[in-house]
Amino acid sequence: MIKLIGLVPLFPLIGFLINSFFGKKMSKGLSGTIACASVLASFIVSVLIFMEVNASQQKSTVIEIFSWINSDTLKIPFSFLVDPLSCLFLMNITGIGFLIHVYSTSYMKDDEGFSRFFTYLNLFVFFMLLLVLGSNYLIMFVGWEGVGLCSYLLIGFWFKNDAYNRAANKAFIMNRIGDLGFLLGIIMIFINFGSISFGEVFNKASSVPTSTITTIALLLLVGAMGKSAQLPLYTWLPDAMAGPTPVSALIHAATMVTAGIYMIVRSNIFYSISDAASECVAVVGAVTALFAALIGLLQTDIKKILAYSTVSQLGLMFLALGVGAYSSAVFHVTTHAFFKALLFLGAGSVIHAMGGEQDIRKMGGLKKALPITFITMLLGTLAISGVPPFAGFFSKDEILAHTYEHSQLLWVVGSIASLCTAFYMFRLMFLTFWGSFRGTHEQQHHLHESPKAMTIPLIVLAALSVFGGLLGLPEFWGAKNWMSENLDSVIIRKNPTILSHETEWTLMAIAVLVALSTIYFAYQMFIKYKVLPADKVADMKPFQRVIYNKFYVDEIYDAIIRKPLDAVSEVLSKLVDKQMIDAAVNGVGDLTLWKASIFRKLQTGHIGFYIMTMVVGVIAIMFFSLMK
Amino acid sequence: MLNQIPINYYIFLSAILFIIGAVGVMARRNAIIIFMCIELMLNAVNLLLVSFSTLHNDPSGQVFVFFIMAVAAAEVAVGLAILSTVYRNIKSIDIDLLSKLKN
Amino acid sequence: MGYSITQWLFGILSFLAIMFALMVVFTRSPINSVLYLVMTFFCIAGHYLLLNAQFLAVVHIVVYAGAIMVLFLFVIMLMNLNEETEQQKTLVTKMIAGIIGGVLLAVMVGTLKGAEQMQITQHGASQIGMVKTLGVVLFKDFLFPFEIASVLLLGAMVGAIMLGKKEIK
Amino acid sequence: MLTGFLIILPLIAALLLFFIKGEGAKKVALIFALAECGISLLAYVWYRSNPNMEALSLNCNWVESLGIKFAVGLDGISLLMVLLTTFLVPLIILSSFKTTYDKPNAFYGLILLMQSALVGVFVANDGFLFYVFWELALIPIYFICLLWGGENRARITFKFFVYTLFGSLFMLIGLIFLYNHTGLDTGIKSWAINDLYAAGRSLTEAQQTFVFWTILIAFAIKMPIFPLHTWQPDTYVTAPTPGTMLLAGIMLKMGTFGLIKWLLPMTPLALEKWGGVAMGFAVVGIIYASCIAIVQKDYKRLIAYSSIAHVGLIAAGILSANQQGVQGAVIQMMSHGINVVGLFLIADILMRHTGTRDITKLGGIRSMNGQFGVLFLIIMLGAVALPLTNGFVGEFLLINGVFKFNAWMGAFAALTIILSAVYMLRSYQAIMLGEKKLNEVVFGSLADSDKAVLIIICIAVIAIGVYPKPLNDLAEPAVKALLMNLK
Amino acid sequence: MKGLFIISGLGVLAMLAEIFKFKRALYPIVLIGILAALVANFTEFNNNMSIDQFNNMIRFDNVALAFSGVILLTAFFWFILANEYFNNETSLADHFSLVLFAITGGLMLTAYSNMTTLFLGIEILSIPLYVLAGSRKNDVRSNEAGFKYLIMGSFASAFLLFGIALIYGATGTFDIMLIRAKINTGTMPMFMYAGVVMMLVAMCFKVSAAPFHFWAPDVYEGSPTVITALMSTIVKTAAFAAFMRLFLIGFGSISDTWGMALAGIIALSLIISNVTAAAQTSVKRMLAYSSISHAAFMLMGILALNAQFSMRAILYYTLAYSIGSIASFTGLYIVSKKGDETYEAFNGLVKRNPMIALGMLISMLSLAGIPVTAGFFAKYFIFTTLIASPYKWLLIIAVLTSCVGAYYYFKIIIAMYFKKSDKHEPVEFEMSHALLLGILTVITIILGLMPDMILNMF
């Protein structure tokens, strides 16, 4: 079965090809079915392979498809690596991918770009699978950029809207900044290790100087920061919400943005060796988690809130990576995929019902109209807020425990971030589903629960969000942490747990307490006192204004990068290129013609003058060649 | 021997005559005078050749002078013929008037 | 220290030659210029005699003073040139010409070196200037140039005639 | 023999074309170009079966007394370039089907003449022959630009001509200098490439430096490398589209090809000393041209500047003189040739359908013609070097090579992947996406010839990106053999 | 040698034609005569009998014969070009004999081996040309051209003679080979070097190198177009043959005296001629400046002092240049029949007569030195010779000025192919001229493809 790993990406690719060539001619139903079926097929193969890997002794297998790039010692086969980590991600991607495909068939039903949508979506799944399957860094990079492309295409799916197009461009370009780091990292790996295949590189890692490893690890981190929307490269993700909601769920919450985590987990040996690099990862993660959570507090667009929440959660995962808790990070990736996909799809359902409205200030009291959506979303919110016994509780707790072990300061930061998470998520819930409806009359009339194709994925995901925690029960409970055992073969150096069980219990208690009290606070605020977010920026307090405006990061980037780049380019184009370099070239020509007009005047036509110049020439020649 | 004359004297005499001729060509406007100055230059050369001929005791230097004379005569003939056509057209032999061709 | 007669003659002839040459250049009247040039030629002929080139001296007088200068005079008269019609270059031009001439002289004085030790020995019995010697050399060694000089003279003749004749209408 | 035939065939075709009047010339030219393409494929097959096959090379005397031979042959790199040429020329001819040119026979004749010279440049194994073809290639393109070009063409094409001539003459001096140092022990001077290599290596460092710079200047102008590039945008904009395609798609590769084959192995010492400086110019050029491309309004000009940026990277890779750099350059030369032809065709299509190439005036075309949007997108992605498109393979190897040479240079050169994304995506957005701006224009379906060319290019973009092995298999050993000379 | 006799004999015959009234038959007779001379010239090739004649006054060795061949061939083409010039009733025979005498002088210059023959050759070449330059008697410009040429030519001759005299003074002989032997064996007095430099100046005047070039543009412009063609081809070839013989063979071993001076002259010529040419509006005048620039190129061949190869390079260059020059003058002659000699005369020529435009195009490319024309190889050979010499730096100037050169040659091309003409009627031309242009074009290409033909001549 492992030999058939090629099938996993092949199915979505076939789906993509069929849809791209014949999509327009097919009915929407057929087109959607093909797309869903291709992902489902992948999912099934993935599960089978996963089971086989689980059962077999040999944990990692490399399957070469064909030789891709050969240049002297640089040999890059197009080959796949099957091991527990990739299998886990495979299932994640294809599983959740399938659910979202199903959801989309209904969500996008009325869109004229229906088949195009599934074309992109299938292509995305294909690239994402490449990303996690690649047995060397470059194949990973192929997937890495490929998903970036699909993200670009899907964010700008409604391409008539220029704001969306700008968001798409921004996503692509910001990702490219990260990709540059990644690419340079790959090249450095090749130069220092002589190979970029995971197996060979990881075996040699301990024989390479730590400083080199640190550089490589930091370059890879830059890549990861771009893709996983970490500070300072996170601003594209909130804007990416311009895409259709299923896209946000699949790409910008569940799968693509976790690629950075996947990559660092894959390269865990580098970070284990280089303390400096892991420290950076941890700090980046912690700061991002807090920063994004703070911004999330005051957002009013339902998808933006979720987006900042995603950034914050990704930050948390980075924190986990930074403190060496790789399996915890993967665990959180998995649970996060469940509940964040759920939340996005739920939000999609709400938006669907609201006829495209995304502002929570215009919603309210939707729980009656959308019961299934309401319940599933509530479960998801509880999961993300870290309320036991939902999935998020376990994964988040594991991360915070490891963080505490590593640095208490980071633990405090992480805890505050999760506190904020709980707050804004419940703010979202309360404002959306409780209270009275604040939208237009027409919208109210139109409110309806979504069709089955949308609610069934919600229910499945809700179930996963509730029970996902079982994948990684805390060891100090005496339970088996399946996640960490599963990834045992992938994590090359593990940090032993040194915390006492008492401390772990205390930390867990604090986390639960904090989460619950925050929820209560939010309840008081939004249900009891019916606080509504200000409509106008002018009504806000200064600090609110800063947060509402996302700390003005976009504006700052605009001012320090985009505008200067444009300005410099203008100067280069108009001044340096035209007025200086080209003018110099033309100047040579003009100078020649100018000199020509002077030389012409020498030709006076007077014989006397000619003779004189002749004699002067004679004098000069005789003088210089004879009177030395 | 007292009646010896250093060849240097002849060289410088010729050079001076040559240069006077050259200055004449540069300083005069009358075409005929200019021709005459060129003749003067040629004669300076003749003088030089004859003196060297005597120095080397070799007649070929003097023979060369005959050729120079022949050429000088031919040049003068042609020159004056051209000059007469010029004169026919512009009624002057002022060389500074002959500067239509320029630049 | 006395000078021999040859040396006296050389000095006088040289001085006169240079004088007359300068007069050729500086005299305003074209006719006078011609006459001064003739005088210069005579001086040069004197030098030839001093140098034992008797035949050449004679030919020189005949060709230059006799033929070429007459031609000049003839043309000058034909064109009715005299002092009044004579156009002068500007003073600046003349000065420049003079300066250039001076510099050229200086350069020549500087470069025409290496003959300090060479002396012309007057061979009393030197035959090289004699008609016979010259004739032998001219018609033996220089036969080809002599013959080909005819082409030169023919060319000059044809040219002069062509320029002189009227167009056939 | 076959190689010689590759040179002769377009020449004969060109001469033949001068006797064909009217529009029929187009088709005849296309048929000949396709035949040429077929022959080059045959050459490829033969070469793969036996690279040293005699039928592939030709070696006869030309100017015997000076050691000049008509020596042509194929190695991996030149075969790739020949394939590129013979692949692109039919496409270029086909892409011009929808435009009516005055005196089509002369127009297509010149294109074929150009092809002949280009093939000659790539297959020459004799320094002198190389130079002759190098110069010959200039004449047809000059006339194509002069006679069928756009506004202000006399001045612009002349600048192009003189600029290039200026460089070539320097190259001639450098080559003659090398030639004069051949056969120092045998006394027989020779223009054969291997003798020139040997001569170059026998020189002192100072002499090599002289040769290096004199020859480099020709290549640098042809490519062009910053700051010798200013002829290029104007010329590209002014030339008729087939001319621009020839210039950017193939002729530009003469410079990079020359750099690989006619400079690298000759002057190892100078390369060691000055390679970094030259590479510095190339790298600065990448960023410089990319920045300028960002603010261009005319799409053709934008592509022109992007071409400077791309070729800067190629040059930097070659100057790094390691396997990855040079091999990457070879692959990227192919890819860039294909992509840039596609992009210029797109610019031409825009011009024909809407009457403008100003990206600020265009917009929303994708909503009118989705197919065009997709084809454009694929070619654009090739240009931004997305993995699994042709641009990536080369660019990855190139950055790898440059990085190996000097990490900072590599890092700066790699900025191209960001900047190219910036200008390409922005322009794509401006032209294709958003609401349509020119209300009176209806962007109908593409002409069959245009569609065919774009589809072929798109297939090539993806095929090379996914499976570059055939190219690599040719390039890798050839580059390896070439670099052996440096040691 | 036989060639020389045949040509001078033809000159005399032309004079007789006036008397015996067979002027009409003269043109074919002359053409046949020149062909005969050409054939005779080649029969002497590789034939030792022809060496050392008339007490070593003249020496038709292979080099001389090769250059004579170039001159005779050019003369043949020139006569075809100049057929209309020989329609003048009044001076028909005169024109013939003058041109033929001038050619005689040119042939002498290729073969002289004595200062006497050098001097006579130069004068025999020059004096008829003074007349020919002024042969449009009623045209002041023609008068002026002849006059300027004469005055300046005589002035330069004076320098030449002064130089000869000084060299004679130092060596006691006029024989080039003896002078060379004397120079090689003993130390020479300083004034001999002054003599060499003066001869250099005079020869530079004859080949019109700066700063002794001033006469050339004016004279070229003022003379009848065909005479200009004659001056820029045959006269130039002859002058170069003479220059080369004198300085490569005669004074080759003392090149440190004149080398630097010549290099300076070349540099100055290249810059002045090319730059000034760029600003011209008259094509004829432009061609004059271009001839100066080509002269500078040929001088580089002499400067390189690579005796064997220099000679071949110069031979090839003279041939290529003569062919290209005659062709461009033919083109100019055809388009300037109405008197307009500016670039505008060429406007839109491709529409009015594509074949003539093509011929002009090839000759312009050849003059600009673009492969695979003869002009390219010419430049290439010069470069090859020079690069081994200490004067490599001249190449840089040569390259830079070549680019300027391309500018003015391409101005014609642009005019022909790009500019619109207000005239649309086809150009009137004689069949013989079109044929000539065609032949010259073919020769230009053939020479470019097979330069070995010329290189292996000696």
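First chain written, first letter: the chains are A, B, C, D and E, and each begins at residue 1.
One rule holds for everything that comes next: a contact is a pair of C-beta atoms (placed from the backbone, for glycine too) under 8 Å apart; a residue touches a chain by one contact, two chains touch by 3 or more.
In this text the structure is predicted, and so the values were computed from the model without any measurement.
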Chains touching both subunit A and subunit B, listed by label: C, E
Touching both subunit A and subunit C (chains): B, E
Most central chain, judged by mean C-alpha position against the global CA mean: D
Centre-of-Cα separation between subunit E and subunit B, whole angstrom: 26
Subunit D and subunit E: spacing of chain centres that average the CA atoms, whole Å: 42
Distance between chain centroids, defined by C-alpha means - subunit C, subunit E (Å): 32
CA centroid of subunit A to CA centroid of subunit E, Å: 77
Shared-contact residues (touching 2 or more other chains) in subunit D: none
Touching two or more other chains - residues of subunit E: 116, 120, 123, 127, 130-131, 134, 137-138, 148, 151, 155, 166, 169, 190-191, 193-194, 197, 217-218, 280, 407
Subunit A, residues touching no fewer than two other chains: 589, 600, 603, 605, 607-608, 611-612, 615-616, 618, 622, 626
Which chain pairs touch, all of them: A-B, A-C, A-D, A-E, B-C, B-E, C-E, D-E
Subunit E-touching residues of subunit B, taken from the complex the two chains share: 7, 11, 14, 18, 21-22, 25, 31, 34-35, 38, 41-42, 44-45, 48-49, 51-52, 55-56, 58, 60-61, 63-64, 67-68, 71, 74-75, 78-79, 81-83, 85-86, 88-90, 95, 98-103
Residues on subunit C engaged by subunit E in the complex (per definition of touch): 108, 111-115, 118, 140-145, 148-149, 151-152, 154-156, 158-163, 165-168
Subunit E - residues contacting subunit B, complex: 115-116, 119-120, 123, 127, 130-131, 134, 137-141, 143-148, 150-151, 154-155, 157-158, 161-162, 164-166, 168-169, 172-174, 191, 217-219, 221-222, 280, 285
In the complex, subunit B residues that touch subunit A: 22, 25-27, 29, 34, 95-96, 98-103
Residues on subunit A engaged by subunit E in the complex (per definition of touch): 589, 592-593, 595-597, 599-600, 602-603, 605, 607, 609-611, 613-614, 616-618, 621-622, 624-626
